[in-house]
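Here's the structure we're looking at; comments come further down.
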Amino acid sequence: MQTEKKILITECPDQKGLVAKITAICFKQNLNIIKNSEFVDNLNGRFFMRTELEGDFKNGHLLTELDQALPSGSHSRLVSKGRKKMAVLVTKEAHCLGELLIKSHYGSLDADIVTVIGNHDTLKDLVKKFSIPFHVVDHQGVSREEHERELLQVLSRYEFDYVVLAKYMRILTADFVSSFPSRIINIHHSFLPAFIGAKPYHQAYERGVKIIGATAHFVNNDLDDGPIITQAVIPVDHSYKPEDMAKAGREVEESVLTGALQKVIDEKVIVHGKRTVVFD
Amino acid sequence: MQTEKKILITECPDQKGLVAKITAICFKQNLNIIKNSEFVDNLNGRFFMRTELEGDFKNGHLLTELDQALPSGSHSRLVSKGRKKMAVLVTKEAHCLGELLIKSHYGSLDADIVTVIGNHDTLKDLVKKFSIPFHVVDHQGVSREEHERELLQVLSRYEFDYVVLAKYMRILTADFVSSFPSRIINIHHSFLPAFIGAKPYHQAYERGVKIIGATAHFVNNDLDDGPIITQAVIPVDHSYKPEDMAKAGREVEESVLTGALQKVIDEKVIVHGKRTVVFD
Amino acid sequence: MQTEKKILITECPDQKGLVAKITAICFKQNLNIIKNSEFVDNLNGRFFMRTELEGDFKNGHLLTELDQALPSGSHSRLVSKGRKKMAVLVTKEAHCLGELLIKSHYGSLDADIVTVIGNHDTLKDLVKKFSIPFHVVDHQGVSREEHERELLQVLSRYEFDYVVLAKYMRILTADFVSSFPSRIINIHHSFLPAFIGAKPYHQAYERGVKIIGATAHFVNNDLDDGPIITQAVIPVDHSYKPEDMAKAGREVEESVLTGALQKVIDEKVIVHGKRTVVFD
Amino acid sequence: MQTEKKILITECPDQKGLVAKITAICFKQNLNIIKNSEFVDNLNGRFFMRTELEGDFKNGHLLTELDQALPSGSHSRLVSKGRKKMAVLVTKEAHCLGELLIKSHYGSLDADIVTVIGNHDTLKDLVKKFSIPFHVVDHQGVSREEHERELLQVLSRYEFDYVVLAKYMRILTADFVSSFPSRIINIHHSFLPAFIGAKPYHQAYERGVKIIGATAHFVNNDLDDGPIITQAVIPVDHSYKPEDMAKAGREVEESVLTGALQKVIDEKVIVHGKRTVVFD
């Protein structure tokens, strides 16, 4: 018998006895529960469970049995534990990409970056240091549709679990986004929903804010409005000019993005309408 | 010779040699600088200085000499160090008022609460425990102007440095506000400028935010839009219902408000247009 | 049928299928799981579970069935959800007591303070404001054993769930402590294990630390060495004199203590040797 | 006239009129004060000032005039603003080095890393990516004195402002340390003075701590006991095994170290006995 570690994610309408049902099926399949987390969204009557399992999954009966036992409207999936593959989209700013590259390299982010695609070539040299393929997909002189078509073509050459927008400064169409449902992660230059729009740090400066934030979120239709994964803030004061606020913003952006990605990699994030469940 | 401690606040258009000029005048007046903080707002060409002084201020020449030495457009004021007097306006929520009362009582907030005025009598018993006069100024059945006139009349019976809106749930008119320029401090139920408006915690819940914040600010014309003094946030997660977010909000509100008031009491906050300088 | 909310705490040696077993028993008893949290301490082979249940507990079979089903060495207990009763011991410092009184009063701490006992009468007036009985049990001129005997006698007149040492500056004997196993909670004047001993803020000042902390913990044998519930820190800088560090310390102490108590009240803390499991 | 930006650091016994004296001399030299920060250590009667100046420094009279005007026991120095040069010592752990390399590369740390020296060759490949010379100075089979002699010899080939111990796991002798007074910066694997010694994360686990910290400090005689520059903590809980605590520790170490280095680079840190003054 070969022992593996997998993560079971279950989501279904809430009813009495769900934990008992699901864990009994795991037990019957001779799978050991390493860690279990549930959440019942009482306001919406929905049940979420994340279960780390250890054992022999080869007969493949777990999901079948769950499907039969759980109420209609349930979704279960079984995913492997471990490193995930990422395609990264960038423009010119290096800070988020730099953190992804270095943390992936020394192992504090369990992600392999399979490719980096920029609409400029500014970050090519940085990516090359890590022997990762870099592609320029220039947006100039082509229509948005053509540009995204080329982007999709380059992406199609790689296998990846997630697309990370590491300060990718272009808006993606609903068409593009729908190719990767809940698989595109963006880092937003503000503490959503504050200061949506251009020059957020000038807005923040003018308003005299005392905190600068960042938000990592999934991209669904609207660029800055998808389900939030993680948010954090950093204190600033009156002595910060807009460019100092921007620097503070970069600092909080890079730490929020890497933190959110690790949560996603660990299969701890479940998207649920406009909201997320993020287990510990 | 009698020694006192005072705080000199100076504000003027920036030019070369201001620190030298001001400190030389202090030295000439035989005043010792205990602590000094300056800030030059280079973007707007404005100079701010806060100086803790010790010595004999009785001849009163300090401000006169400063007025002569500093460029036109300068403002200097000399204030005593120590406890300040507060009038507090409330509605029904006890958490901010409760913290002000208890911290004022045991001395961690250097403020004496001279009166509490509510548009309801819900908090009367709490205030009475601390032997502080409580007044109900009911807003029902009277016009906004009448209500504020009565409010002003009650306030006029007391001597105070600041008016604190400790979850006072009514909007004050520009007229009322202009009676206490930069002397009214409000605690706002959100991390400005996010979620302005009604039911902020329901909005926050719907949006699936991961942080709840609070903002203490001066009230000038627009209730929620005055110069920010302090902001802070508290983490929340998917398991928070709107009422849990509201509870987290209350917690951060009370700590932000008391922190901001202590800064104001210590004369560390200078209002400057829509922004504040907040010295350490 | 009468519906109640209770919390089931289960602790036992780890083995396969525990979650399935326990939740199946709850289901069989027709109890609905509102919220469930488990933790497996793999290093020590121990399983912990906290389950919020709703239903009719009157037949009382739940614990009996669990005892039969679970491996030997298991402990299960069923506790009511809601406010808890506290006896508070103090000396002269008001900040922690003040926060307990006010937060208990306005409802942000789900605790009723049934009595406050001081070895000085300094805090009597503060306690009286809240119509709570205050007792002086003077330690002067009596032996430690006599003093604690009197303390126990006064305590015996009240019903309470926990004893809170809210800056009680005397060391309790092992005998006294053993009367309330895992029911005495202390707030420690430092970030344990740092600066154990007298004048911690002078030590902190001399060492030039940049953070001041506080630790809330259960008291078992050794006053400052029991299982930690919560810890937090507050930043300080070079301008803090020992008394400023002490003030910062008081601020973090009061927030750590009230936070820890709420966790304990919510039955989210399980003591496990020298460590605690603290569920979300 | 050529305009430069420099930073004046002044330290001397406290007396009345120091700010006036120093700023008057700056004014007389036609230097503009961009930013000024002072601190009076009243307990020790010592005055510290950091002044950002702009103007023409070529005649070099500033320091001479200050020396004549200030009381005996004063030290003044004038340093250039901007990037600093660092030599980095490492062993096998990549996280601190990785952050220094990437942040230096993309410009969020104003430091050039001129060389990295390891007592193992583990990190050679990482350093080579950034085209920075890496040297192995093996400590095996040689005496501590010989090893440090070789270290000094390699260092002597480079020009640098600071030596950074980025998880350099060897103790340096007082002799070595005295070659670089207040120029060696270490990152310590704990929140000093807690858990000094081996296996700090096992100690922290056994103690059941709820916070993990890190301390950046200058190295003077005793490896872990020099003046503290910055400290920070990260929350942990019961589910953290020692290796998880170590991972959290690495995260806080890398952010504390880079934060402290930026403060040092900006000439905002003044060492003062066992303590530091760290200006904003």
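Each chain gets a letter, A, B, C and D, in the order it is written, and its residues are counted from 1.
As a working rule, a contact is a pair of C-beta atoms (placed from the backbone, for glycine too) under 8 Å apart; a residue touches a chain by one contact, two chains touch by 3 or more.
Small disclaimer: the values here were computed from a predicted structure and weren't measured.
Of all the chains, the one whose CA centre sits at the greatest distance from that of chain C is D.
Shared residue numbers account for over half of those found at the interface formed by chain B and chain D, and the copies are therefore classed as meeting with the same residues. Taking each chain's centre as the average of its CA atoms, chain A and chain D sit 36 Å apart. Chain A and chain B have centres, each the mean of its CA atoms, that are 40 Å apart.
Within chain A, contacts with two or more other chains are made by residues 35, 42, 237, 239, 280.
Every residue of chain B that touches chain D in the complex is listed here, in rising order: 16-20, 23-24, 26-27, 30, 32-38, 40, 42, 280. On chain C, the positions that touch chain D within their shared complex are 39, 41-43, 191-195, 206-211, 213, 227-233, 237-239, 241, 272, 274-278. Interface of chain D with chain A (complex): residues 35, 94-95, 98-99, 101-103, 105-108, 126, 129-130, 237, 239, 247, 250-251, 255, 280.
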